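The data blocks that follow each hold one structure.
Each of the next two complexes has chain A plus one other chain: chain B in the first, chain C in the second.
Moving on to the complex of A and B:
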C-alpha cells in the first residue's frame, strides 16, 4: 500500500522574504536601490521646478497676506520688462507691430519650403524680433522702455559676467592644466595651488579679493602705486567693480576648468606626441594639431558647467559689494535673493523661471553643438 | 630655455593659487591698527594671535563651526549612502533604460540651484503639502471630521534639516556619477565567484563589493563635503537665526554696514579654510580623480 505524500503546490516566496534572503530579481532590486536617490531628487529638484512655474503666475507677497495669492497670469513677467509705471497700450504703434508680424510669415514659409535651413530661419526671426523690438522701444538707453528697469540691468550684468568669466576662466584654466601636467619636483605644490581656489567657498574668495582690492590698504593698489600707477577705487565705482568681480570669479573658477582639462590631458596617448616628434613637429604644432583637438570633449564639458554656474552668479558679487555700488552688480541671482528677502515670492518665482529658461536655452545650445561635432 | 619657461609658469601658478590665502593669513596676524598704515606692511610687525581669540568672542563662531560640521557631515553621509545604492544599481543590475536614468540624474545638476530657493523656502516655512492638503480637505468635506482640514509641513527654517535635505540633493548627481563609474571598474567575476561560494547577493555586495569600493566612496564623500561646506545662498536664506548659521554665512556677520573689520574677517576665513586645506593636502589625488570621473563621463 503506497503511502501518498501530499505534495504542496510550489509557492513563490513573497517580496519581503525574498528581500530578506537576498533573492530579488534584478529589476526589483534596482528599483529599490534607486528609490532613495530618485525620491530626493524629485522632492528637492523636480517639485520646486513645477511649483516655481505655478507660483510665477500668482501674486504672492508674504508681507501682505490680506491681499491673498490671486492668479495674475503673466503680470509678473510684464512687470519685469515694463516696470511698474508703464502700462502696455494695446494700440501703441500698432502698424509697426503688424509689419513685424507680417515679416515673420514669409520667413516661416521659406523654411517650410526648404529654401532656408531651420537654423537660418531661427536666426533671421530672432534678428527681426530684435530690430522691431528696438523700433518699438524695447531697448536700454535714451528713449527706451528698459532705461531704468531693474530686471534689464540684472539681466545684462549677468550676461556680461557669463561671457567675460567663462572666456576668462578658460583662457586661464588651459595654461594651468598644461602646467599641472608637466613633470616637475614642484608639481605637488602646483596641484595644491590648483585645488585651493576650487575648494575655497565662493564667499571666502569674494571676501579675500574684496580685501586685496581695497582701495587704500589693499595689496593690489599698493603694488600699482609702487609701479607708479594710481589704482582706482575698485569697489566704489561701477566699471572697476565689474572688473574686480570678474577677476575674482575667474580666479575662483579657472581651477575647476583647469582640473577638468587636466583629466583630458592625462587621457591623451603619449605615443601620439612621440610620433609627432619623429615626424618633426614642433611644440606649437603638437599643441594645435594633437592637444587641442583631443581636448575638445573636456573643453565642452568645462564650458557647459562653467556657463551654467555663471548664470547663477550670486556669492561673489554679494560678498564683495552686496550687489553694489548702487545696483550695478545686482546679477539675476542677487535680484532673486533680494526679491525673496522683500517677501515678494511671486516675483522672485517669475525671475527664477527666466533664469531657468536661460540655462535651458544654453544647455540645449551646447548639447546641439556637441552632437553635431 | 623651455625648462626656465616651465619653471616660471609653475611659479606663477603657485603664486596665483596660494597668494590670496597667504595674504589672508598674514592679515590675520596683524593688529587692526597696523592694517590702516600707509604704506602698508607686508609682513606683520608684531605678529599676534589676538584676532583668533576675538573671532570667537565677537560672534558665536564655535557654534558656526559646529553647525557647518553637523550639516556637512550629515549631508555627506546621506548623500554617499543614496548615491552608492543608486550607483550600484546603475552599474551592475540588468535594468531597462539605466543609461537614460543616469543621464537624467546627471542632467539635474544642470538645474539652477537658485530656482530651488523660492519653492523650498515656501515649503520649509510651513506651507501646504502638495498632495495631502487638498486630499484631507476633500475627506473633511465628506465627513471625516476627525482629520485636520489643512496639512502643513513643519516649519523647518532655522533647523539643520533645512540645509541637510537640499545639500543631499545638490551633491547627489555628481556623487552618483562618480560611484557608478567606480562600480563599473570592479570586475563582475569577483561578485559571481562569491555567489558561487555560497554567499547571497546581498552578502556578496557586503563582503566583496563594499571593501573594494572604499576609495570611490571616499572620493565621492570629499566632493559632497566640500560642496556642502561651501554652500552659501540656501544657508543664508533658510537659517537666519544667529545660532543656526553656517561658517560662510556667519562670516558675513562680522561685516558691518560700513566698517570692515578686516583683521577679524581674515582670521575667521583662515579658520574656515583649514578643513579644506587639510582635505586637499591628504586627498589631492582622490579629488582630482573624482572630479575627472565626472568630467570625462559627463
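Moving on to the complex of A and C:
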C-alpha cells in the first residue's frame, strides 16, 4: 500500500503581507498607487456625471414639487429635439428622401472614385443635410411652438459661434503671434498685449464690452459718430448683438491662439529660413512653405482647445445680453443655466447630456484627424 | 486671548445657552434690497414686547429671482431653519400649490375676525395672497407701476396728465418738438428681458380692455386687445417718442434716464420717487408728478400690483409664535415705520391718511388712486414659466426681431403649452 505523502499546499502570502514585504506584482502595485486618484476622480467627476445622466431621465422641477419626480425615460430628450408641436407629415419625409437621394448618392460615388477624400465627403454630406434640411422646412423646431424651437435655436447659435469665433480667433491670433515673434526690441510689447486679454476673466471682458457696445453712451458708437457714421443699436438688435458677442469672444480668445502659435513658431529651426533665403524664396513663399506646415501641430492643439471652449460658450453672451435680444444669443450653455435657474432640473440635466455628447463627438473627430494625418 | 477674556466668553456663552433654552427662536428671511437696517430695529421691538420669543433675521440675495432660488432649496428640503419669509407678490400661487406656505386661516380666532383683519388692507395684495379661498400670506408692503411725468414741462405747455395713450403721444410729440433737445425722450418704459417687462405688456393689454386669460380659462392674448396693445408700442417706436434701443432698458435704467432730465413720461415702480426727490444728482427734484396709467379710448386705467408678503414656512417648529410675529410685522406701526424709513408703500388703507406717513411721503396721497386699481400678474403656480415666456417674447418684439402678430401668436401658443402641462 503506497503511502500517500501529505503535501502541504503552497500558500501564497496574504495581500497585506506581500504589501509589507514589497512582493506585490507590478499590476497590483499600479492599481494600489492609482487608487486614491481614481477614487477622488470617481467622487468628483464620475458620481456627478452619473447623477446628471440619471436626473436626465426624470421629470424634476424643484418649484413644482406637487408634480413629483417620476421616471420618464427619454421624454426630456424627445421634448428637446422634437417638442410637442412637430407634425411628422408625409411632405417632410418626402423632401428628406429626395434630398438624401439627390445629393448624398453622387457624393458617395465621388468618394468611392477617390475624387474626394473620405473626410471631405463626410463634411460635405453633413453640410448638405443641415442646409437642405433647414431650407426645406425639415427643422424639428419649426411650427412656431415655444417648447420645440428653443433647443434648435440655441443649437444653431452655438454652432454659429463655434464657426465664427474659432475662425476669427485664428485670423487675429496668427498675425499677433507672427508679430510677437519678430526680432525687435519692442516685441515684449506685443507679448504683453498677447497676455493681457488672456489673463482677464471672461465675465469681466463681457461686462466691459457690453459697456463699449452700449448704443447710446458706448465708446464704439461714440467713435463712429465722430467719424460721421451712425452705429447700429448693438445689443438691442439681433444681428448686431451676434456680431458684438463674436467680436468680444475673438478679442478674448485670439490671444490664447496667439500664445500657442507663438510657442510653435519659436520651435521652428531658423536655418530652414536661411536655406530658403539662399534658394531665393520670398517672404510669402517662406510663410506658406515653411511656417504654416511646421505650425500644424500647434494649430491643431489651439483648434481643439478653442472649439471645445466655444461649444461651452456661456460667460460672454450671458454677461453681455443675458442671451438676448429675445433668445437670439441663448447658447446651449446659457440655455442649461436658464433651465437650471428655472429649477427645471431634469430638463437641464438632459441638455447637459446633449452638450456632453456634442463635445465628445467633436473631440473624437479631432483626435482621429490628428492621428491619421 | 488672556485668561480673563476666556472666562468672560465662557460666562457669556453659558448665559446665552441659559436664556436660549427658555426662549423660542424665530428666524425671518428677507432680501438684500429690503432694508435690513429698518427690519432689524422692528424685530428688536418685537423681542422687547415678547420676552419669551427671540426673533432674528437672515438676509439673502439682491433680487426676487435669487431669493426664490434660495428659498426653493430650503423649502424643498423641508428645512425648519426659517420660520417667516418675505416673498414677492407673484409667488403665493406657486407656494400654495407646492405646499411651501402655511395656510393662515386657522390661526385667526374666527372667520369673522379674519375678515375684519383683512378688511383693513388694500384689496389688490389680499387678492394676490388668497389662493383658492385660502389665505397664504399677509401683505408687508405694496407697490405698483405709476405714470411719472415732468410737471414743469406739462405746465409749460398747458397740459394735464394724459388720460389716454393717444393723448400721451400727442403731448410727448409737442413737448419734444418745442424743447428742441435731441436727448429728450417722450415716453420711457421697460423692454429688457426682465420681470418688469411683463408689466409693460400686461398694462397695455389691460388698458385695451383685454386680459391674458378669460373667465373660462382660455388664453386670450392673440386678440384685438392684444393687437391694440402691441400696435401701441410699435407706434411709440415709429413716432420716435421712445428711444429705439428700448430693448436694452431695464427698470433702473429708466429711472436714471428720467432722473437726468431726459424723459417726459415714464412707467416705473414706487421706489423711483424717493430717488428723484433725494438723490444729489437728480435734475428733476420737485418737477415730478405721478398719475394713473393712461388707457385706450373708452377703457379704464390699470396697473400691475407689486410688493412683498409675509409667509410662514409650513415646516416651522413654532407656528403660533411665527404667526404672532407676522401680525406684528404687518401691523399699522410696523408698516408706518417701513413707509417712513424705507419708502415702502403701505398695504394698509388707513396709512394713506396718516399724518406721519404723509409728512414723510406726501406723494402717497396721489399713489392711492393708482394702487387701488392695481391688478395681479397671472396667478398660477406655473408663473415662473409664464413670466419667462412673456418677457423674452416682448424683448424680442422690442428688439424688432418679431412683429406684433408673431409675438402675440408666440405668447398665445406658449401660454397654452405651459398651462396645459
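Simple rule for what comes next: the second predicted complex is superposed on the first by the 267 of 373 C-alpha atoms of A that agree within 3 Å, B and C clash if a C-alpha of one lies under 4 Å from a C-alpha of the other, contacts with A are read in each partner's own complex, and residues count from 1 in each chain.
As a working rule, a residue touches a chain if its C-beta (ideal position, glycine included) is under 8 Å from a C-beta of that chain, and two chains touch if they have at least 3 such contacts.
The shown structure was predicted, so the numbers you read here are calculated from the model rather than taken from an experiment.
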| item | value |
| --- | --- |
| First, second, both or neither for A:324, with chain B first and chain C second | second |
| Contacts of A:301 with chain B and chain C, given as first, second, both or neither | first |
| First, second, both or neither for A:342, with chain B first and chain C second | second |
| More chain A residues in contact [chain B versus chain C] | B |
| Chain B versus chain C as contact partner of A:216, first or second or both or neither | both |
| First (chain B), second (chain C), both or neither touched by A:270 | neither |
| Footprint overlap on chain A, where chain B in one structure and chain C in the other make contact | 214, 216, 341 |
| In the complex, chain C residues that touch chain A | 65, 68-69, 72-73, 76, 94, 97-100, 192-193, 243-248, 381-382, 384-385, 388-389, 392-393, 395-402, 406, 409-410, 413-414, 417-418 |
| Residue ranges of chain A in contact with chain B within the complex | 21-24, 26-27, 29-30, 33-34, 36-38, 40-41, 43-49, 51-52, 55, 175-176, 179-180, 182, 184, 186-205, 207-212, 214, 216-217, 219, 222, 225, 251, 255-256, 259-260, 262-264, 266-267, 283, 297-298, 301-302, 304-305, 308, 311-312, 314-315, 318-319, 332-333, 336-337, 340-341, 345, 348-349, 352-353, 355-356, 359, 363 |
| Chain C partner contacts - residues on chain A that touch it in the complex | 62-66, 84-85, 144-147, 214-216, 233, 235-238, 241, 322-328, 338, 341-343 |
| Touching residues (chain side chain B, partner chain A) in the complex | 2, 6-7, 9-11, 13-18, 20-21, 23-24, 27, 35-40, 42, 81-83, 85-86, 88-90, 93-96, 98, 101, 105, 108, 110-123, 130, 165-166, 168-170, 172-173, 176, 200-203, 226, 229-230, 232-233, 236-237, 247-249, 251-252, 255, 260, 262, 265-266, 269, 272-273, 276-277, 279-281, 284, 287-288, 291-292, 295-296, 298 |
